[in-house]
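These are the structures, in structure tokens.
Each of the next two complexes has chain A plus one more chain, namely chain B in the first and chain C in the second.
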Partner chain A sequence: MSDAIRPLIVGAGPAGIRAAQTLLGAGLRPVVVDEAASGGGQIYRQRLVPDERTPRDLYGSEAGKATALHEAFVRIRDRIDYLPQALVWNVRNKTADVAVDGRTRRLDFSHLILATGATDRVLPFRGWTTPGVFTLGGAQIALKSQGCAIGEQVVFLGSGPLLYLVAWQYMKAGARVAAVLDTAPFSAKLHLLRGLPFQPGVVFRGMRYVAELMARGVPVHFGVEPDRIEGTTQVEGIVWRERGKEHRLACDAVGYGFALRSETQLADLAGCRFVFDERDRAWRPERDLAGRTSVADVYIAGDGAGIAGADAAELAGERAGLALLEDAGRSVDHARIAVLERKLAAIHRFRDILEAAFPFPEALASRVDDDVLLCRCEEISVGEARAAARSQGVHELNRLKALTRIGMGRCQGRMCASAATEILAAAHGKPLESVGRLRAQPPVKPLPLEVMTDGEAA
Partner chain B sequence: MALLKRLARHKLPQITFTLNGEACFGLAGDTVMTAILTRTDRLRVSDFSNAPRAGFCQMGACQDCWVLTSEGKRIRACSTALEPGMNLRTMTEPRS
Partner chain C sequence: MSRILRKDVAIIGGGLVGSSAALALRRMGLSVVLLDKGYCGAQASGVNYGGVRRQGRPPEQIPLSQRAHAIWPRLKELIGIDGEFVRSGHLKLARTEAEMASLENYAARVAELGLDLELIGHNQLRERFPWIAGNIVGASLCSGDGHANPRLVSATFALAARLAGAEVLEHTPVSHVEKLAEGFHLSTETGAEIKARFVINSAGAWAGAFAKAFGEPVPLTRIYPSMIVTEPLDVFMTVNIGAEGGGIYARQVERGNCIVGGMRGEPTTDPDYSRPTGTGAVTIMNRAASMFPALRSAYAIRFWSGTEGEMADRNPVIGFSRTTPNLIHAFGFSGAGFQIAPGVGEVLAELVRDGETSTPIDAFSIDRFTRMDQGSPAGSVPEPQTREALK
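For the complex of A and B:
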């Protein structure tokens, strides 16, 4: 009976929208809760109001996919229960607590699909909290959603496919890209040749971005080790080392990041078992190919289930929707399932190649100076983390949090946990998985007290 | 000096708001963050060392872009749309 099935989908990005569409196709009416004002997620983020730019201007080569996803969501909006600008701040048993319109509501669900996405994975280096330093994803959102560059002369730094994509998008939009600083050596990029048979389009597009940046005179440096951002009230320059030599470049903004990290707090609160993912260098919810977690009726799809990108998210969202239907005893199209799983497997093989081409700069975390801030909320230094590790014998992240407050601030470790994991493991010379992961706490993001008290005076 | 530089959307309707007691305007479709950082270089100072901050992730995760409304409510500048008549205050005074 369809009345008994009340699916809740968290997130209206590529995974959440495709999951909703799949459930709707089987006659269900899912609730979709999303923090943004409109659907699309971060990658296909929409403007708040229309402007003169075309989808091609906003999403480049992915304009067709972005438009198709947005249109799919418009078509289903009236037949789902959609809560935009709403935060699922807790999950317990079969109830979600949702903050929406300044109050909290309890939503009972029979099945839960988590499509919570990811944020940039960052590492601290001197000056990373200076105004004008943003994440790569943040720099891209400023451009897509707001039509703004993060500065007049922008340096992009880091590793991961987003590095070249964002730099290229800035150049195309008329911003001055002062340089692209890739922390990986050029030789790493040769791995992409292995990826040609799997995803030729993606590889050629990446090559085109680099070629066009260089043709327009944008300096591209490989094997870069960031040293510091100069400037106290605003970015004035960046200093890095390259083949043992120090380089300096004047700029007024830096966009940086080292690929992405999954948002997994709700899966943790839902009681999902976690496994360590070597490729992501992080713990993530355990799942099967279809997105089933270790908890019955809880599914996970998209970058929140491990980093795989937007194309995989669309496929995984649909696959998770079909898994839910299968588990609820509905008939599903098995040929379609086979196609989805085959495509997902191909993307996952390609992800290994991407990881080799855009490796995480492992050495950076262990080389960063003691007085550099690790936790930007609570302003705890790298040295304080190392001291706790060495003199207080801390081997585990939650213990580190208790003793130093790293990960206890307003971002709940979203910006520092990856780095804290690297630094704690490096301090002991132990594998990353041995230091564990931060436990999620409700509310997963800060809420005003009046939300909890339902508008009454606290 | 302004941090963010407008490359597009120049012709959208203006929205008037108040920033630190001064009348100013942003554009339709601006977030509070865009409206403020196209005029100035900081949103707040950090809680312990009073270092300037101007946001970081722009996707509602880092919580580094909080500003105040006239009622003393804290809002996340990157994920709040600018509305006509908003009376906003950056939190740039060092705490005593």
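For the complex of A and C:
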């Protein structure tokens, strides 16, 4: 009976695990494909090798949630088809191409839940490709997964809740945090007070991070305008402006990022319609409250559907699982659905406040110098993008890619497309959505040429 | 109120054929409007493999191909960039004795046409091209052929035409073309109206509808050639590679990326766009890894595909309409248009100016299909025309 329903879940983070659990609860056996070696996603990433660190050391105030999610996954692992360290590199109609361990196989599915998560949103500034510069997420992975810090004296820079969380985690782990440089003014943080009624826990936690950082003598600067990273073969220092004055600080590593960007390539390949999300400053798959996309039997949950954080991802994963069951004619708990949707709506209202508290540094894109690299894979400068906009009349991102190679390299635009969007739109003084978005093509990530084909029908 | 543009020539389709015709016409002093439904050079002209190859073309295409061959080294002077054109040579491989015999046969057929083909046996091949796997029987080298970057060449021809004074209207789909006593009237979806003495139909995979509207239906279908691109690697592939019998072609660009094709993609829900298939891409990747040992540990970083018009006999349609004076067709290049397109552009400009061209194009007449329908034995039509043309 349930043979006809063969759900595929991409991603084993908070959204993917909760979705799997929900489907399992209805007697289905989903396939869960995840790039990591173990479940948890980026936010609750597990150690590669066990060490003496406790969940509290690794996840701080979120240790309870992390542990609960990991345990939930352990409980369901035998009753799902779990493919770790596996890459879904293409989706077409009801088939996914999955690469595992040098082999690729085609997986047919009846329903697809995309829980593909997010990566850091980065903007170029002078020196951003110097060895020793990491994204905030990258810095966090080094710590959580490998138990190592990105440097001896680390500066964290950017905007977004992750900035303080990672800085705090580094401090807790015993690393020397040289400074936290927030591109938003302190006054922006006052918006958080508006968030108190919605998510008091989140607000107090954030305040605690900042208070503890300061109490331990970590300088926290607001209204920072990053100027450059010094050093050629290794980070030696960072220079920024603050209220018109230039500041310099010696350091050997920088972790930076400006909030997150959704990973949407698979949704695009699956044919989902996209809408522009003002809050995320990006195009994302269109979806209803339950995570249904514009394509029948394709659902999306978690940060891949628009940035909302780990708590929302768990709720959205469960909600998407229930939507799938509902659409497949199974009975579902409507009271539970109402609870999930109410909680999700509250988080989304809170997101607007967070965005006001951690605003994106809009002016940075128009200020960055022409000779700074924009696309690091293909080594294309900001100036080349601006020149194409100016002299070749390029108004659209795919055309920019065709004429300059921006977004054509190893990362397929995952690192540079946000910045290219900002720079192209700024060059024309046009709204971000007007420059469009890069059309996704397989493979989602690089694939070895000698990849062997599995289970191919003769 | 819609504006009315009055031009000598309206060109429908801003691919490499239309753009190079626009540039050639401007250099003759004629006024031109170049129309494209999207960006110029964004379809087959801009997303093809990038082979600049005469070798392997049917003999009736060689005179036109030779004309284009003379244009490629002059790109810098013509459009301001060299388009990454490299005269690397084109090496066509034979994987079996039968394929080698076929290469020998081709070399004999085109012996008088100036391609200067060099047949290479197994041992010589091992010696001169040691980076090719050892199981290849032999090859044919056309040292004057090469490759270029279609993304840049096609868009820049359109830009050069614009700088030379052509009116270039992108994102302007032509909705209707009407022949009036004094010329053509073109209506577009953006409201622009155009009056022109001549119309060139260079709309590629979309050209069939315009031909049909003038009573000239053609067997034009769509194909979706698809490519894979490796990460940048040390340069080892010194020639543009093809294979007799097809299945793989490959080149390496200066930056080090290898581009390998040989399979077809599929259209997306919007049939103007296409994507490689997963199995097709893996097939090409595996073939490349087994033919070029240097690629065995390499990664593919991206795939692409594009939409191309293909004629039933794989020859393009080039020349005057048989139903409508001053209408000229140029489309259906069937996956082999990139190299000859700049030559076609010059030919089209001559047809407009002189009513004829010095380059033989009779084999590409649009009525070859209708004549076949009327009972000529299939395949017998192009031959006599070709012989006559080659006199």
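Quick note on the criterion: the second predicted complex is superposed on the first by the 451 of 458 C-alpha atoms of A that agree within 3 Å, B and C clash if a C-alpha of one lies under 4 Å from a C-alpha of the other, contacts with A are read in each partner's own complex, and residues count from 1 in each chain.
Criterion: a contact is a pair of C-beta atoms (placed from the backbone, for glycine too) under 8 Å apart; a residue touches a chain by one contact, two chains touch by 3 or more.
From a predicted model like this one, the values you see are computed outputs, not experimental measurements.
Enquirer: Can you tell me whether chain B or chain C touches more residues on chain A?
Expert: B
Enquirer: So in the superposed three-chain picture, is A:P446 touching just chain B, just chain C, both, or none of them (first/second/both/neither)?
Expert: both
Enquirer: Counting only touches as set out at the top, which of chain B and chain C does A:W168 meet: first, second, both, neither?
Expert: Touch partners of A:W168: none, neither chain B nor chain C.
Enquirer: In the superposed arrangement, which partner chain does A:W240 touch: chain B (first), chain C (second), both, or neither?
Expert: neither
Enquirer: What is the contact status of A:T104 with respect to chain B (first) and chain C (second): first, second, both, or neither?
Expert: Touch status of A:T104: second partner only.
Enquirer: Taking the superposition on A as described, I'd like to know which of chain B and chain C A:R410 touches: first, second, both or neither.
Expert: After superposing on A, A:R410 lies in contact with both chain B and chain C.
Enquirer: Check whether A:R53 is in contact with chain B, with chain C, with both or with neither, and answer first, second, both or neither.
Expert: In the superposition, A:R53 contacts chain B only.
Enquirer: According to the stated criteria, A:A149 is in contact with first (chain B), second (chain C), both, or neither; which is it?
Expert: Once the two structures are laid over each other on A, A:A149 reaches chain B alone.
Enquirer: Can A:Q392 be said to touch chain B (first), chain C (second), both, or neither?
Expert: second
Enquirer: If we overlay the two complexes on their shared chain A, which of chain B and chain C does A:N90 touch? Say first, second, both or neither.
Expert: The second partner, chain C, only.
Enquirer: Pick out the shared contact residues on chain A: the ones touching chain B in one complex and chain C in the other.
Expert: The answer is residues 409-410, 446, 448 of chain A.
Enquirer: With touch defined as at the start, can you tell me which chain A residues reach chain B in the complex?
Expert: For chain A paired with chain B, touching residues are 35-37, 42, 47-49, 51-53, 57, 119-120, 129-135, 137-139, 141-143, 145-152, 173-175, 232-234, 253, 263, 376-379, 409-411, 414-415, 445-446, 448.
Enquirer: Within their complex, state which residues of chain B touch chain A.
Expert: Touch residues, chain B against chain A: 1, 3-9, 11-12, 28-31, 34, 38, 41-42, 46-49, 51-64, 73-74, 78-79, 81.
Enquirer: Could you list, by residue number, the parts of chain C that touch chain A in their complex?
Expert: Answer in residue numbers: 39, 42, 46, 151-152, 155, 159, 228, 230-231, 266, 268-269, 273, 275-279, 281-282, 285-286, 288-289, 295-304.
Enquirer: For the complex, which residues does chain A have touching chain C?
Expert: 89-90, 92, 95, 97, 104, 106, 269, 271, 392, 396, 399, 402-403, 408-410, 412, 439, 441-443, 446-451, 453, 456
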